[in-house]
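Next come two complexes built around chain A: one with chain B, the other with chain C.
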Partner chain A sequence: MTAVITPPAANPRTPVKRAGRRGGIAPPWLFAAPALVVYALVMLYPSIVGAGSAFTDWSGVGEQRSFVGLDNFQQLVKDDQALGALRNTLLLTLAIVVVQNGLGLLLALGVHTTIKSRMVLRVIFFAPVVVSPVMVSFLWKYVYNPAPDAGLNAVLNAVGLGSLRQDWLGNPSLAIWSVAFTVIWQCAGYSMVIFLAGLEGVPKELHESAMVDGAGTVARFRHITWPLLAPAVTINVMLSTVGGLTLFTQIIAMTNGGPGYATDTLSTVLYKQAFVYGKFGYSTAVALVLAIFVAAVSFIQIAYLRARETSA
Partner chain B sequence: MRTGYRPRTLVLELVMIAAAVAFLFPVYALVTLAFKDPGQIANRPLSLPDPPSTESFGSAWQSASLGSALLNSTLITVTSVIVLIVLGSLAAYFLARQAGRLSYSLYILFLVGIILPFQLGMIPLYQLVNDLGLLGTYQGMILFYTGIQLPFTVFLYTGFIRSLPADYTNAALIDGASHLQAFVHVIFPLLRPITGTVLILNAVHIWNDFFTPLLYLGGSGRETVPVRVFAFVNEYTSDYGLVAAGLVLAALPILLVFLVLQRYVIRGFSSGLKG
Partner chain C sequence: MASEIIRTPVSRRRLLQLMGGVAAAGALANCGGGNSSGNSGGPLKVIGAGSQEAGLRKALDEYKKQNGSFEFNLSFSPADQLQTALRAQLAAGNAPDLHAVYPGNGSAMSMVQLSKANLLADLSDQAWTQKIPAGFKGAYQQDGKTHIFSPGTSVLGAIYNKLAFAKAGVEIPTTWSELLTVCDTLKKKGIVPLALGAQTPWVTQLINYALVPGTVYAKQPDFDDKMAAGSATFAGSGWADAMNKYLELQKRGFFNDNPNGTTYEQATSMVGTGKAAMAVQVSAVLQAYRAAAPSPDDLGMFPLPATDVAADNWIPGGIVVGLSVSAKSKKADEARKFIEFCGQPAQINAWAEAVACVPLYSEGEAKVDPVLKPFLPYLSGDKAVPFMDQRWPNAEVQPTHFAVVQELLGGKTTVDKALKKMDDAYKKTA
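Moving on to the complex of A and B:
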């Protein structure tokens, strides 16, 4: 749940001071040293070694490894499991970004009103966000129980839609969407609270004057609310994209990548390659591809959405 | 937009409540399952438990060793968050108040960590932790979370400190306080709002994390709640009542904390926007 978020200002009234300080007043660099050491040890050094190992045949046992150039990547483009995982990762990400944020926006608009239950509803829709994805996954694994008289199938039967009963996680073409829906159910409330914070920043006066001018609900949403929600859209899309691209826990807990390879993602493949098959070099090559995707998507989104924010 | 309660508002209210009921169906299914004996599970999957049986809870608590898992999770989460707050705020104080190319480059270096997926360094880090003899230890996990969550923590603190006026510290420094004294007595208390956000976001993330504790702690006896639950569910997979009771018990602590602190938690998760 690492998040890319604009840091809040302490107090909007205090003028923002320049970072520059006169000599002698700025704190010594020793203040940053402990953090830098830990960060370098845990993230920078392993990431650099990892990126380097992607070009070796390292087995993970001992130090022995030799440079194999692009062999791992050539293997990757011929590896059906890895290519399928890439496809699954992109499909899952797309579904999660669109549906989670769409639902999150609808929920936010619904509770950003005068309805009496608005506070209770916020708490209900947000609650799954704080629960471990492992537990949410197992909860939904029961809901998706293939037995005809349990979970979702029992509900379908009870409301007379028994013909729609499915093996939700066992059907290779359906499983990936069942997993996506679990993530959406858990995270829609997160999108909702970010949209809510955005909605609270929309000046009431704008809506009031537009209403005086005869603008309807839809017109006001399109021309007032939506453009002002741009920062919330940026944050939500970025968070859900990175979350989707690195999806791991829900897959391992619900399907372990199956049936077959139908729900493997880049994260589950690189995990299995390393810790099941002992191919550490190949695994880090998959990790490097994942890292490039995440970085590229982050950069494109920041650039595109910033441009949208300023033009709106 | 908040203009009184009209018939349209009532319709919206009913629609939203219906959505919440549908949303909560999986939770209803799980909780009722946990209170049912095997006969009820087989014959009446959707009904309320009648009579409710609490037997599964005791055996789930035992089988999943949830007591010690909660202690492990608490220890790792609390210590990691404290270390993160201390290291993160100190570093951010330097980055926000020191002008010049060096501190700016350092700031950017920390930001890189926000978009760097940890999977890239996952295996070399596993080796490193192994070489340091920290696999299966609390220290290994605390070191990991501190390193992984520092970029985000430093980012939040730096933005906040930049928006604070420098006058307070300057005054303290002129009065003869050391930088550390000025930080502890003047700056840190002013950081309370952002420290709240840092605490909540990191605590929820660390408490719920699964991938790394599975790798580092599996089989050590120091497993956190998600790792224990994972092993437990996979072992008793067909005993639905027991599994459901275990899941309810394992999710309860953080849900209770959330319900008590809901305002702060929701504000913490959404606060990024108000900058």
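Moving on to the complex of A and C:
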């Protein structure tokens, strides 16, 4: 006997009373109120006040400030350092999004198996994620020591690849990729965990029936796993994009934006403008543009990836 | 019952009242918390520059010995963090009572920039301010008022390892050509002639600073005034000669491999251990070099010759990072008393000796670190030029200088383009 639980039919002529209509506030808003107050105090208020600074020439200290209209934004368009930083930011983001997620997916597929050491491997691959980015940066700064008898160069020497020794962080053409590699090394495990969660949600029955139909590993990945991983892809791409566009800690700790301006990103430029050059107003203009840019990119990505999820 | 409680609505007015109360409480807590300047009780809060630690500690300990009830809370900040941590505190209005400030102008934490924002107390009525030599007044004073205490002058030259020099059989060079010959001999003996940790931004400027007194100021002592008046530029001046000499040292292989990837600490270790023979540095970091050497006596210092004309070889000698009293400090009187104590001849001498600098003034013969003796004739002979950034009009020129030197060393720009960038930064408003 199958028990069917039927919910009581709603009377279409009896409208559901909403608390708001009686002049009060619905309970959900009450529960959210404390968090909203804190959010308003620590996020909204400083952000709005800070945004106002973008239209002034404030140095960051003292009371002297004048309204300069859109001057800071006009200067931004002509600022070679900021434009170079934008280029670096986009390059870093592209490298991080593609390689980190590609590597994360491969790692997830690798440890989503029945091999005995899979749990240990998962822990090893995820371990860098829980280490502070500053610590990771200093660790890799040691690895990237340019001396021939230290760090990565020493390893290359030891395995007979001494000709590949590099000034990893001091070569202006190479430094940005050295930083990108460090970020990817640290964060690939994070992407792996999200992909792993997605893989756990793929029904085994689908794979089994596809195998019965003669589908190989690649065909099953392409037609079953990949479409069903769409939500995990959305989350990973979103998080790595935002992380790449706002990358700061590793750059400051490893290269301080150098050599020259070779690894400056929009985040390091706005930091330097505020704290090194003493141009808080201009720095806020850069921050405002960065925030709008990140929001726009995120919005477009979500729209595209959600549509892909639906079609999948 | 529970559902009844949950469904009981709260009026919008009541909720807004609650939110307003929480917001006000938060704002009040924010205003009241951690404002050391606004707190007249507790110890005097002091943040010093890391390079001045030995001298400042000595002065505070001596002051406490003489004033038993004096309490202080002391911390130090490395040069690059002064810009961030202290500026953030200054901006928030909770700066420490006494804090590190760079003399002159040219940095976001410089005396001129901060005094313009009315953030530094006036120290002009203190006795020691009368002893400031005319040539150094720009480092201490803005609009005729003294806003900073500094124990004296740090010189810039080559710190060298005596054992490495002895091993290569070379003597201290007195001209540019001799310097090149010495470097060549050291290189042939397998010793790195000059350690350069150019990954640390402030280190990048030092070789230029050591050379331009000879290539620029010996010929045009009023170069800074001409720059300020707009009748001189970096491009087309002796700065180009200095930068070309900097690059010549690199092209001849006189630096360690990959200077852009080498840090200040690594360069320090190279000289201390004798792997490298020299490093161009300020005397204020002598203690760090001595700590890296088996014996402090292994190290000496000499003026870096910039030209082949001995008379043109001037030296850079700048007032070291000092201390200022926060204009908003509620303990300003106590802080000012401490500064007045520091300004006494015995204290200035003790501080200067601890950080290897030449005291601002002295009664009788000053106690100077023996390794600085080669520099003293230049200081007394008016052949010393303040560190160049102390006369630059804004905080952008110096970091631009750092960046263009790294680009030059990385082969990413030319001397002409580098100097044009510095000129562009110089022309920006303060």
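Definition applied: the second predicted complex is superposed on the first by the 276 of 312 C-alpha atoms of A that agree within 3 Å, B and C clash if a C-alpha of one lies under 4 Å from a C-alpha of the other, contacts with A are read in each partner's own complex, and residues count from 1 in each chain.
The definition used in the following text is that contacts are C-beta pairs under 8 Å (C-beta built on N, C-alpha and C of every residue); 3 or more make two chains touch, one makes a residue touch a chain.
If you're wondering where the values come from, they're calculated on a predicted model, not measured in any experiment.
Between chain B and chain C, B touches the greater number of residues of chain A. After overlaying the two complexes on the shared chain, residue contacts for A:Val143 are found with chain B alone; chain C is out of touch. Contact with chain C, but none with chain B, is seen for A:Tyr261 once the two complexes are overlaid on the shared chain.
Of the two partner chains placed by the overlay, only chain B lies in contact with A:Ala35; chain C stays clear of it. When the shared chain is aligned, chain C comes close enough to touch A:Ser59, but chain B does not. When the two complexes are overlaid on their common chain A, residue A:Val218 makes contact with neither chain B nor chain C.
Of the two partner chains placed by superposition, A:Val159 touches none, neither chain B nor chain C. Applying the stated contact rule after C-alpha superposition, one finds that A:Ala26 touches each of chain B and chain C.
Touching of chain A by both chain B and chain C, each in its own complex, is seen for residues 19, 25-27, 29, 34, 36, 38, 41, 60, 275, 280.
Per the touch definition, chain A reaches chain C in the complex via residues 19, 22-27, 29-30, 33-34, 36-38, 40-41, 59-64, 144-148, 167-172, 255-262, 272, 275-280.
Within the complex formed with chain A, the residues of chain C that make contact are 6-7, 9-12, 15, 18-19, 22-23, 26-27, 80, 83-84, 87-88, 90-91, 108, 113-114, 116-119, 198-199, 201, 257-262, 266, 394-396, 399, 402-404, 406-407, 409-413. On the side of chain A, the complex with chain B involves touching residues 1-11, 14-21, 25-29, 31-32, 34-36, 38-39, 41-51, 53, 60, 107, 110-117, 121-127, 129-135, 138-140, 142-143, 149-151, 154-155, 158, 185, 190, 193-194, 196-198, 201, 204, 207, 231-232, 235, 242, 245-246, 248-249, 252-253, 267, 270-271, 274-275, 280, 283-284, 287-288, 290-291, 294-295, 298.
Residues of chain B touching chain A in their complex: 1-5, 9, 12-13, 15-17, 19-20, 23-27, 29-30, 33, 45-46, 87-88, 90-91, 93-99, 102-103, 106, 109-110, 113-125, 127-128, 143-144, 146-152, 154-160, 162-166, 169-170, 173, 179, 183, 190, 193-194, 197, 201, 204-205, 207-208, 210-211, 215, 225-226, 229-230, 233, 240, 243-244, 247, 250-251, 254-255, 258-259, 262, 265-266, 269-275.
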